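Across the two complexes that follow, subunit A remains constant while its partner is subunit B and subsequently subunit C.
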Partner chain A sequence: MDMVFSHSDDVVSREIDGALIIVPLTAGVGDMEDDLFSMNETGTEIWNLLDGKKTIREIVDALAGQYRADAGEIEADVSGIVKELLKRRMIVEATAA
Partner chain B sequence: MSKRPPPEHPHPALQKSGILLSGKALIGLMRAVHARGLPFRFTAGGHSMAPFIRDGDVVSVSPLASGDPALGDVAAFVHPETTFLCLHRVLSVNGNRFLIQGDSIPDRPDGMIPREAIIGRVTRVERAGRNVRLGLGPERLLIALLSRCGMLTRIRRYAGPLTACFSRRHASCETR
Partner chain C sequence: MPERTYVFHESMSRYPLWKGEGPPADRLDIELTERCNNACIHCCINRPAGDRQSRARELDTKAWKEILGQAAGLGVMTVRFTGGEPLLRDDFSELYLFARRLGLRVLLFTNARLITPRIAALLADTPPLEEIEVSVYGMRRESYEAVTGVDGSYAEFGRGVQLLLARKVPFVVKGALLPPNKKEQAEFAAWASTNPRMDAPPACAMFFDLRGRRDSAVKNSRIRRQRVSPEEGLAILTRDPERYRAEMAEFFEKFLPRPSDLLFTCETGPGCVDAYGLFQPCLSLRHPGLTFDVKRGALKEAVAYGYTRLKEMRAVNPLYLKRCARCFLRGFCEQCPAKSWSEHGTLDRPVEYLCRVAHAQARFLGLVMKEEHAWEVRDSVERIENLKRKVKAS
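Let's turn to the complex of A and B:
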């Protein structure tokens, strides 16, 4: 929960028509053919908060405050997405500022 | 960076994108990838560059880090009138302006395109999993000159079967 993550240098992301598109830079190429990902609204919000400064705890608190939702539920959401992004090397662990 | 991500189904918040990107979105992503100094690979549509680039070919567009596009290069540019992304050949260079035209549409030149509208150059074409080299090598100079004097389409008309055969012979067996 005290870990800090930032976007990996191996991806490029852009918000297009309200959807976040992530292009992994596989083998030195930005590849639209196989590896294009899109994030839903929740995922996009979490992605934007993974800025290399905020801890996971701070992200959960920010979202819980914003949505007045159960912190446990939000924590599960954030953890799940962070785990997925880590597995796909879209984010990397950063040192807290 | 060289290893592909795991193949399992992603988290519901993160989906393999099946959306069709508009020209503007494609340009935005291409610019973002180029900002990292890397080529951008995607499926090209249309017939204006046949037979060298065909509808459905997968092309890689590299950033212009090594200098301006040269005669014969296939440039990726934002068409000043339509704002669409185009992949057409450079037929002549006049300072910071480039005469550009599709290989198979001699009657519809794109005109003099300013340098700032050019995003990159096509450095690779793949067709059915094979690299297609014809059109991007040294012969691109000849293609540009023939295209400029209106000879390319005439040659294609009379030597179509020969061109197809030549294209096949120049396709390498390299697969993705």
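Let's turn to the complex of A and C:
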């Protein structure tokens, strides 16, 4: 929960028509050579908070304050997306970046 | 409990450049140079590789970066780097990386002669996200160099292709059917089929365009001599007749034009920026009255200017109005303002060669009878239905 993540140099994020698009920059990010990615609304919001400064705990707290949703559910969402983004090499631990 | 997914594979086809009204945002063509290290007998664009005048007029690195930045800002997803031979630019790698770091995909058109280990490594480590398209002019040194006119070009092409293969850079190949390589087509197709990215026979140009700059009557006359006759073209296109019929039935199902004097009915991307910073509606259309200087105005302005103007342009040539405007083969036939411009210097004069090519194919498909003209056909919908039924039955 105290870890900090930032966007990886292996991808470029773009906002097109209000939607977040993640474009692989280096080889091996996508399953295929021409993959592009988008995120759902929750994912987009969390992506924008993964700024290399905020800890996961701070992100969960910020979202919990904003949505007054169940903290456990928010934590599960944040953990889920961080896990997926790490697997896809789209984020890195900020200290390791 | 199943794991939730937050990241999705995305298709970019659903993003118009501007909501509702805009042209598709999928691709902007970037003609990095008109110069080429080949001097192909059929080429509609190339200037000599060492042409100092062309080189001096070309946009510099900073200007191209500015345009690429604007393209990304507009929502363009892919830029096609073409020419001429784009790898002739000393700053190719810099521009390529710049575009990719903006999140643009790059579609590279090349003859592969200038692929070096360094370029192959760049394309492998920072993939273009689009298959590179490599032009192939022959399967042997004699035929290849009879087309390119350059000694040693075949060996360089072979080396470039090997480097791409060695670094597993995805590419496809395409050919040009010309007198020197005519007898090698089966060999070309067999070689192409060994490329894992080729899931269909390679595309092969044969109805060559004249020079869009209208800069050389001598070269245009040479290009005309390389063209196949409509009958010869038909024989090649229908080598697999069932497949051809099925593809064409599908085409006509999607595109059946209504009679119209509107000149621009094609759905091209936002357009093309030529080597000197002039925006033009498409790669082929170089009518000086339809260009916009992006050194003096924003790319967005150029796209909007071109798009709105083109949508309103109407044909006035009586022959066009009598024939093309009423013809149900419009769209299937390659007649378009760009072809008319390069052939005749006007946007709306029928190109007889293309008309004959389209009619030969339409007769094979049973859409037009012998001695009949497509613009006289009144029951085109019924004829297309017949074609679809025939395809279904087979």
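Here are a few things to note about the model shown:
We adopt the following convention: the second predicted complex is superposed on the first by the 88 of 97 C-alpha atoms of A that agree within 3 Å, B and C clash if a C-alpha of one lies under 4 Å from a C-alpha of the other, contacts with A are read in each partner's own complex, and residues count from 1 in each chain.
One rule holds for everything that comes next: a residue touches a chain if its C-beta (ideal position, glycine included) is under 8 Å from a C-beta of that chain, and two chains touch if they have at least 3 such contacts.
Because the structure is a prediction, the values reported are computed rather than measured.
Superposition of the two structures on subunit A leads subunit B and subunit C into a clash.
By the touch criterion defined above, A:Arg89 reaches subunit B but does not reach subunit C.
Contacts of A:Asp35 after superposition on the shared chain: both subunit B and subunit C are touched. When the two complexes are overlaid on their common chain A, residue A:Gly43 makes contact with subunit B and with subunit C alike. Once the two complexes are laid over each other on the shared chain, residue contacts for A:Ile74 go to neither subunit B nor subunit C. Contact comparison for subunit A: of subunit B and subunit C, B touches the greater number of residues.
In the superposition on chain A, A:Val23 makes contact with both subunit B and subunit C.
The clashing stretch of subunit C relative to subunit B, chosen from 116-124, 134-142, 314-322 or 368-376, is 134-142 in the chain A superposition.
12-14, 16-17, 19, 21-27, 33-40, 42-43, 46, 77, 80-81, 84-85, 88 are the residues of subunit A that lie in the contact sets of both subunit B and subunit C, per the superposition on chain A. Those residues of subunit B lying in contact with subunit A across their complex are 1-2, 4-6, 10-17, 19, 21-22, 25-26, 28-30, 32-33, 36, 38-43, 58, 60. The part of subunit A that touches subunit B in the complex is made up of residues 9-10, 12-14, 16-17, 19, 21-40, 42-43, 46, 77, 80-81, 83-85, 87-89. Residue ranges on subunit A touching subunit C, taken from their complex, read 12-14, 16-17, 19, 21-27, 33-40, 42-43, 46, 77, 80-81, 84-85, 88, 90.
By the touch criterion stated above, subunit C contacts subunit A in their complex at residues 3-12, 15, 19, 25, 72, 75, 77, 100-105, 124-127, 129-131, 170.
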